[in-house]
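Going by the order they are written in, the chains are A, B, C, D, E and F; count residues from 1 in each one.
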């Protein structure tokens, strides 16, 4: 089994990267691989817990929550979080931790593969 | 004097559209024109009032606040606000109103010029 | 307040960004005011890929059917199709195929343009 | 945990998006771990515009000087410059100019790649 | 009243192709639009670029002779005098 | 272990130009990368595309013969077997 690291730099909805990242990470977890994901730049908008849209039963934060439930470790860049006014991630779904680039450096030294989206 | 309408569809930081929109709108207001701006899609991330970044004295929300202070009318798309988990814009700077596309339709029928960024 | 005519261009392909669908939601929105502004939608460049027959339109069907009921013209640029090697027979019949010159004529006649 | 080598490509030009500077912040960050990973930065395609002498580097200078102090190689692809009609004399001396083949050699030797 | 094409790089080419047929086209290059290959400029159009966007990219000396730099105040005047054709 | 090029459209061409020199290149087209002109495919590389991304864009019949569709589970296997060269 392998350890997969992800860096996601785009937010929910507007561009497709969040979906691709969730799809790859989910498939990896289901095959028994480990997943560590770092949310950087607009990537930190993905786990905001209050996302609601009448027509969409599954929101981006639900896809992130699914990864957490399957064992993914998810860290958001604190400088990016504060720059975007997200108050240290107080409105994030449970399981998403706010950290910094040193956490990403640690992911880099731990994983077998690195995917940036 | 003219009435200028703007639609901004990108958020702060990541792409340059918010800066161009603020620069054009500010120059227009200083020349005595009227400005009405509609924040659509990721555009609704711009007026979040808690944005903080150590090295940057002026944040995107400060540029938006400057436009409000100079008389711009700014409306954010409510569906976009809720989809992004921004709780009806409760964390927006004062002066930014949450509305809907009918408000944009009204802007369209009121303004002399329309700029989409 | 007066009725306005707006030409909306869609320049980005499905689905790499959300503009292919949110551009149509905006098109419906623009026509929703008390003054019932008039909208034309034009697909240019990579946006033209949206007009291919096989595209999954689950999330755009409702906007397209509202626009069609209102008589909104949905247009794709002939040259964009040619540059991409797309045959006219591959295009969904909802879309009119027009050359650049005629699209410019439409642009000359509208009050405003918007780009997605 | 082990020391890792990472090749970071910067593909987007300044300043239309924030990647030209946040890519460098990430580069500094990657080297900040206890294991001191090793980073190489390579400018490709439109990213190569960042290496022009006249570019305003107010917000990137601190990252560039940290990287230089650490001995990080900053490389720009020769073919990208040629395609854009940029002469080698127009490039800031901080950047090495390398052909695609040598960039691929570097890529073969690193553990990971990242793109901005 | 002519047509003012506001052009960024991502799909500005779509706008420039329309402007090629437009006898009254005025083009304003904004953001990464200032990197656009001059071969794509419409033949008869007047071409402007936002000075601030050119300067921070270090392109002052590389700008094509046909391009005239303007500031935001001048852009607002052009917006007021023309119909805005948005491609940014 | 070969190199797995993850290619989207925006600047995927930068990756494909490297892959052209790479005897062990495996290319996976993702998102709008499936629109990329086959003339840009590296000569010797094996080319895959994400099935889901091809299908929702209605490109099944337009896909080049050289391209083989795979799902995310197969992509994960390729990621594990190769070094990932990111261009998405």
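The rule we apply is simple: a contact is a pair of C-beta atoms (placed from the backbone, for glycine too) under 8 Å apart; a residue touches a chain by one contact, two chains touch by 3 or more.
Since we're looking at a predicted model, the values are computed, not measured.
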Target chain F, source chain A, minimum contact steps: 1
Inter-chain pair with the most contacting C-beta pairs: A-B
Same-site or different-site touching of chain A by its copy chain B, using the half cut: same
Averaged-CA centre spacing for the pair chain E and chain B, given as whole angstrom: 23
Separation of chain B from chain D, taking each centre as the mean of its C-alpha atoms, in whole Å: 34
Distance from the mean Cα position of chain F to that of chain C, given in whole angstrom: 30
Where chain C touches two or more other chains, by residue: 15-16, 18, 46, 111-115
For chain E, residues contacting two or more additional chains: 31-32, 83-84, 86, 88
Sites on chain A at which at least two other chains make contact: 13-14, 16, 41, 113-114, 116
Listing of all chain pairs that touch each other, if any do: A-B, A-C, A-D, A-F, B-C, B-D, B-E, C-E, C-F, D-E, D-F
Chain B to chain D touching residues, read off their complex: 13-16, 55
Touch list for chain B against partner chain A, complex: 10-14, 41-42, 45, 48-54, 56, 59, 61, 79, 82-87, 91
Residue numbers on chain B that touch chain C, as the complex places them: 7, 9, 40-41, 100-102, 104-106, 108-110, 113-114, 116
Contact footprint of chain B on chain C as seen in their complex: 1-4, 6, 18-19, 22, 25-26, 28-35, 37, 111-116
Complex interface listing, chain C residues touching chain E: 9, 11-12, 44-47, 79-80, 100-101, 103-104, 107-108, 111-115
